[in-house]
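Got a structure for you, written out below as structure tokens; questions coming shortly.
Here the chain labels run A, B, C and D in written order, and each chain numbers its own residues starting at 1.
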Amino acid sequence: MALRSDDVSPAATLAERYSRARAASLALVRTLETEDYVVQSMPSTSPTKWHLAHTTWFFERFILGPYLPDFKVFDDRYHFLFNSYYYTQGTMHARDRRGLLTRPTVDEIVAYRNHVDEHINRLLIDGSGNGVDYLVTLGINHEQQHQELMLTDIKHVLSCNPLQPALIDTDFQRRGAPLPNLDYAYYPGGLTNTGAESAGFCFDNETPRHAVHLEPFRLGDRLISNGEYREFIDDAGYRQSSLWLADGWAWVNEQRIDRPLYWSSDLSAQFTLAGTRDIDLSAPITHISFYEADAFARWAEARLPREAEWELAASQVSIEGNFVENGSWHPQPLDDAVPERPAQMFGDVWEWTASAYSPYPGFRPLEGSIGEYNGKFMCNQLVCRGGSCATPHDHIRATYRNFFYPQDRWQFFGLRLARDV
Amino acid sequence: MALRSDDVSPAATLAERYSRARAASLALVRTLETEDYVVQSMPSTSPTKWHLAHTTWFFERFILGPYLPDFKVFDDRYHFLFNSYYYTQGTMHARDRRGLLTRPTVDEIVAYRNHVDEHINRLLIDGSGNGVDYLVTLGINHEQQHQELMLTDIKHVLSCNPLQPALIDTDFQRRGAPLPNLDYAYYPGGLTNTGAESAGFCFDNETPRHAVHLEPFRLGDRLISNGEYREFIDDAGYRQSSLWLADGWAWVNEQRIDRPLYWSSDLSAQFTLAGTRDIDLSAPITHISFYEADAFARWAEARLPREAEWELAASQVSIEGNFVENGSWHPQPLDDAVPERPAQMFGDVWEWTASAYSPYPGFRPLEGSIGEYNGKFMCNQLVCRGGSCATPHDHIRATYRNFFYPQDRWQFFGLRLARDV
Amino acid sequence: MALRSDDVSPAATLAERYSRARAASLALVRTLETEDYVVQSMPSTSPTKWHLAHTTWFFERFILGPYLPDFKVFDDRYHFLFNSYYYTQGTMHARDRRGLLTRPTVDEIVAYRNHVDEHINRLLIDGSGNGVDYLVTLGINHEQQHQELMLTDIKHVLSCNPLQPALIDTDFQRRGAPLPNLDYAYYPGGLTNTGAESAGFCFDNETPRHAVHLEPFRLGDRLISNGEYREFIDDAGYRQSSLWLADGWAWVNEQRIDRPLYWSSDLSAQFTLAGTRDIDLSAPITHISFYEADAFARWAEARLPREAEWELAASQVSIEGNFVENGSWHPQPLDDAVPERPAQMFGDVWEWTASAYSPYPGFRPLEGSIGEYNGKFMCNQLVCRGGSCATPHDHIRATYRNFFYPQDRWQFFGLRLARDV
Amino acid sequence: MALRSDDVSPAATLAERYSRARAASLALVRTLETEDYVVQSMPSTSPTKWHLAHTTWFFERFILGPYLPDFKVFDDRYHFLFNSYYYTQGTMHARDRRGLLTRPTVDEIVAYRNHVDEHINRLLIDGSGNGVDYLVTLGINHEQQHQELMLTDIKHVLSCNPLQPALIDTDFQRRGAPLPNLDYAYYPGGLTNTGAESAGFCFDNETPRHAVHLEPFRLGDRLISNGEYREFIDDAGYRQSSLWLADGWAWVNEQRIDRPLYWSSDLSAQFTLAGTRDIDLSAPITHISFYEADAFARWAEARLPREAEWELAASQVSIEGNFVENGSWHPQPLDDAVPERPAQMFGDVWEWTASAYSPYPGFRPLEGSIGEYNGKFMCNQLVCRGGSCATPHDHIRATYRNFFYPQDRWQFFGLRLARDV
């Protein structure tokens, strides 16, 4: 990727940040063929061109429409096509039918992006006021979320093709030495604060900062590796009901699950954005569901961390790791040169926590339609933490709460163990 | 019901308790026709005769087999038929096919019950030791849970019949005066303990007792009534997306939900175990899903209580209310003669909380197969509190955690509001 | 069965025929437990008690209502419950929900039968006229069709039960000698008439009698046996795509079909109305779909007969065979004492033909609602001929056209081969 | 379309015919955007690029592989991707997942076409022998069938898009005068021959020519129009159960069908390959299922013709009509300048017949894998006759049997009435 978002200096203007984020979206998928932009491989993924249009619609609908006088929408039919789930904005095209839309073409969507970019820039240059600044910042963060989704969604599309095409051609890092034994960091618990401070951008679901009481706990000092997960499989982990939550056991049996998503049936190779590659046993396990992460933890006589535990630990380390700017777009083995422990807290894989995605005490969603962004999903999902190899570096923070259904696997999901003391 | 379980004096022996619980199961359904015992109306319900056999299997399998020397199982084919979900005990008959079993007949199942009762009694009379005593107590509580399920399941079966047959013929209590305005009790929060103490029987999921930090909150001093819920409907509550969780909105639209389960389309009548009856606007709303309870709360500019909040309040009131022994098997209007506030904390309806059903910090399931009782369901479900009009009085307590999926409606579910301060 | 319908002398009055047909229905299922009457095991089967009520409704609705002055319906709610598919009579209870009806009870349905029988008898004794006589005769034939369905439906219900209960206890006939080699009878074809003459009762779908031109053909002189079908299985018949129709191949793979319905996985035993029994290799194959019959024929380098071919041959033999009155309720091995060839044309199994169920040239359905009896099903089904071991002897004839979907297996279906010359 | 296949003179060499057929496929879709080639809108349609690749595979697999020495396949992975349903050729990519394949790209498929064309041409120039000539002719006819499917499939894809994009920009012909009243031609019936003579190319399913006996009948002298179908709708045709086959009635209710496919809800406009257009009441009705055609006929107190009846009449008129070369790609109103009656027997719409698609007496499929072409579909489908506005002129003939499922609507289906005398 030509444009590293962490090139953006703290002093960058909002207009600069906007331009770089928008350019980054196109840069990520520049190696795709036109045909690749069209397909939706399952209801929870979207076509690449839909992502490119939807993020544009977000800026057009929530900023240009209300705030730029005399703005004319690019094509008023796009409102129906590219609204994702903002019900208060009206009806929308069905989510599971996004892959039926051959038009607008990729070129037309690029023109749409240019049109909106030009007007946002004009708005920002003219000086815009706090309300607009906040919304543009929100839109940039929204754009970044869809950058990650473009990578995970196109990975799923390409994986469905027996030809197994690659998005990129890259060499993955290799460890010389074996992984160090998994160790646990001790935390005394007690009354602690969790959630985002008021300073700096955050999503509404990270607020308000509030007190929680934690029992003493221990947290694994690195991610679980493919090699460790392989031991679980070899020990018949997928066939012992006692290791699984009831819903997970039903899922394993109904879907005939016996290995992580993208692993070959002989457990030797996996599909990556660089095509099919040998499995590196020292790299972090990824593309597992919550059910699998939870079963692995039970097998290991441990448990998944609660989100407040994870956040406490994460707030004490630096936000470094294998992010999208790294260009590998795949979790990488632990780098011994990084001294900090727990390691791999940020980047590589989203870490499943044991915590249901619920509102924090006193939580209030944003006013208006953008209040539909986070709050209405606070049911049936689990919190994931830490970002992944497909997350922009400046997008993540210790208080960041991502959320997915327990059977989801197409994101770069992985796990870290925790233990009671 | 001839036999009130609260007739059981504290001094009753375990054998007495056992006999009374077992007799109560049969007494609940004595007005049924043989045909009624057979049918399964949806995958999450079970035929009445299956319940009667399954609870018997529980005693046979977990107590008589291991602890009564020379015990011979009644029919070794029943193990496959009447194991519910104890996977570590082997494979079992598919849950959604229980209604295909015309045999064993009701008479054969009564004979099975008698056989097991006779041997459990012999075991208890001979003196059994703590392990057996605990398991028999667990089995009695298990029997009581299925007593409640028999009532809710047969209610669903009977409701599917255009003839709308009744299980009982009873008169419901009527309020003379209008309901008092809903008021809120104030709780200062802070660090508090939640979960069961070691003394007395409880399920493993109520333990360990542990500290939680609560923000100050207010709790509604009575249940939400049919009349209040009717205002929500009349205000287009089912058609405003902004009131609903995303998954709830999808559910409402896909299932075309526009009123509580068992309500007539003109909103004037509801199916009860006493047949179709006019809706009493002062009685508690019931047979609503979590999604509906949550949407109502948002409409009312309030929220559902968290389970620790509910438990704190419940631990300060007496365990009185409209339980199964009352014989109405339907929620009843607030009785002004009961002075305690918050009122209606126990009985009437299971109150949906905002809390996902998760393990308490330090939770450990019981050892062996009975460890499958509670822990493995700690995903995708919500906690309900307080028992219902179908719950035996001596079965419920302030720390009791029941759990259901957010779309479930066939139990006597209702709601109480809470508010931040 | 105590009452043989072929005891009915030709001189029997219509009232006598009516009474015997009605009594026969109850006699067939007299060994059932009450619980057995309730269950519906799949959408295309019905509960036994539903059959008993529906045939009664047919007499009440189409005869007593219009023709008996001052007749009062037994229970006007039954019209909705027991109408099967006569849409012109109004809406009806959903077919796939018949098994949810625990009420009316079996006893209530017997009372319903008695009520209707009493009034039909009164109508017939008073003298009724041609219109009524025809309708009563139609109703008797309808009753007989449901007698067969009661046996095939309860067989399916009982087969779903791991306890494998039996309806009857009977000994099946055994062949001493091996089966004679399959031989073919030659028919020169040419212009021939097919369909029912006007004399005697027949269904509308057998009319009008009309000319068809047939090429010369040969017809197998007996049914295909279990032994022959076993050779097909052993020759990988279920795994060779080239033997199957495309829709059949999809069905085999999606449903994972590898043997006839009711056969054990080791191919040694089969479920019968007398419980699980060893497979008699010399008995006719049964419970196969059209797809399986067609694939077998292709494997045998033959084909299924067209219905006009079958009818031509059948019109030249006597109507003798293994019918419901025989009491075995299972296909029996060829009896060498029967000299006629082709043998086994009637009784034992319904023979799949190659003919789609279509209207004969000039076909007109009956007037009014009873016109819904046959004509509206003339799409997507195949014609079966000859009756089965569950068919009443006096119900069948050479021109009789039964019809089922190609994947159906729960009837006593079998096959006979034909060949071009 | 630049290249009219009827420009091909009878004296054209096979190589010329091949080249023109292949070029015609690309010419039909030349106005598409790259994105349009990728999408599969329902399981029974295929992406445009899949059609272009599959017909190429047919030539490569069945001709070049066996007959051109030293031929190297273009890409051996294409065999799995582009085999449609030739099971005897090995496993294949799942039909309903064709839309997931973003690769090979359109350009790669065009290169594949060029590679195969070059080698077929070499084979034909070198002189090839009868076997190859037959297979190339079969392949050309196969190519033509997929030309029609490309048009009907892309029509469905484009119709799913709220933007309603058009494939072509064309003006439809308009009638000045009202349609003449529907009249019937009389045919005396009797013994007649049906099916293809040996001379000239035909598909195996048209053979052998054989005798059938027909009753006297009358056949409508033109197609049913939109105006006549509109009367059926206005007369509540979709809401009268007595007009429908049972399976059709279930389909209408489950799918909520109340008008032809592609009609707007106000019945004023319809989607065409030229975009959304006003409905011309004098043009033939199209995009109706067999169920709708059959219900219309019953409403009109007529019936659908049997295929032998249709063929008898068609064999007496010239093969002229509105074919794909006409370029309108939509049924056109009756042209009074055409004197022949019955009119519109060829082109415009495939006419649903009353005949199930069954083998003719003595039918034998072709040897080998190409025997999978027609015979294995002879179940559950109905015969359609006469070709449509998307059929190449030289592809159709009086004996041609097309076949579809009764609920299919995406082809240009229409109807003509018949009557008994």
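In the analysis below, a contact is a pair of C-beta atoms (placed from the backbone, for glycine too) under 8 Å apart; a residue touches a chain by one contact, two chains touch by 3 or more.
All values derive from a computational prediction rather than experimental measurement.
Shared contact partners of subunit A and subunit B are absent; no chain touches both. Both subunit C and subunit D are touched by no common chain. The chain with its C-alpha centre at the largest distance from the centre of subunit B is D.
Just one of A-D, B-C or C-D has an interface built like that of A-B, with over half of its contact pairs in common by residue number: C-D. Mean C-alpha positions place subunit B and subunit D at a centre distance of 60 Å. The centroid of the Cα atoms in subunit B and the matching centroid in subunit C are 47 Å apart.
Residues of subunit C in contact with two or more other chains: none. By the definition given earlier, chain contacts exist for A-B, A-D, B-C, C-D. Listed in rising order, the residues of subunit B touching subunit A in the complex are 85, 87-88, 191, 210-215, 241-242, 244-249, 290-291, 294, 306, 354-356, 358-359, 361-362, 372, 376-380, 406, 420. Interface residues of subunit C, counted against subunit B in their complex, comprise 33-39, 41, 49, 77, 80-81, 93, 97, 99-106, 157-158, 160-163, 165.
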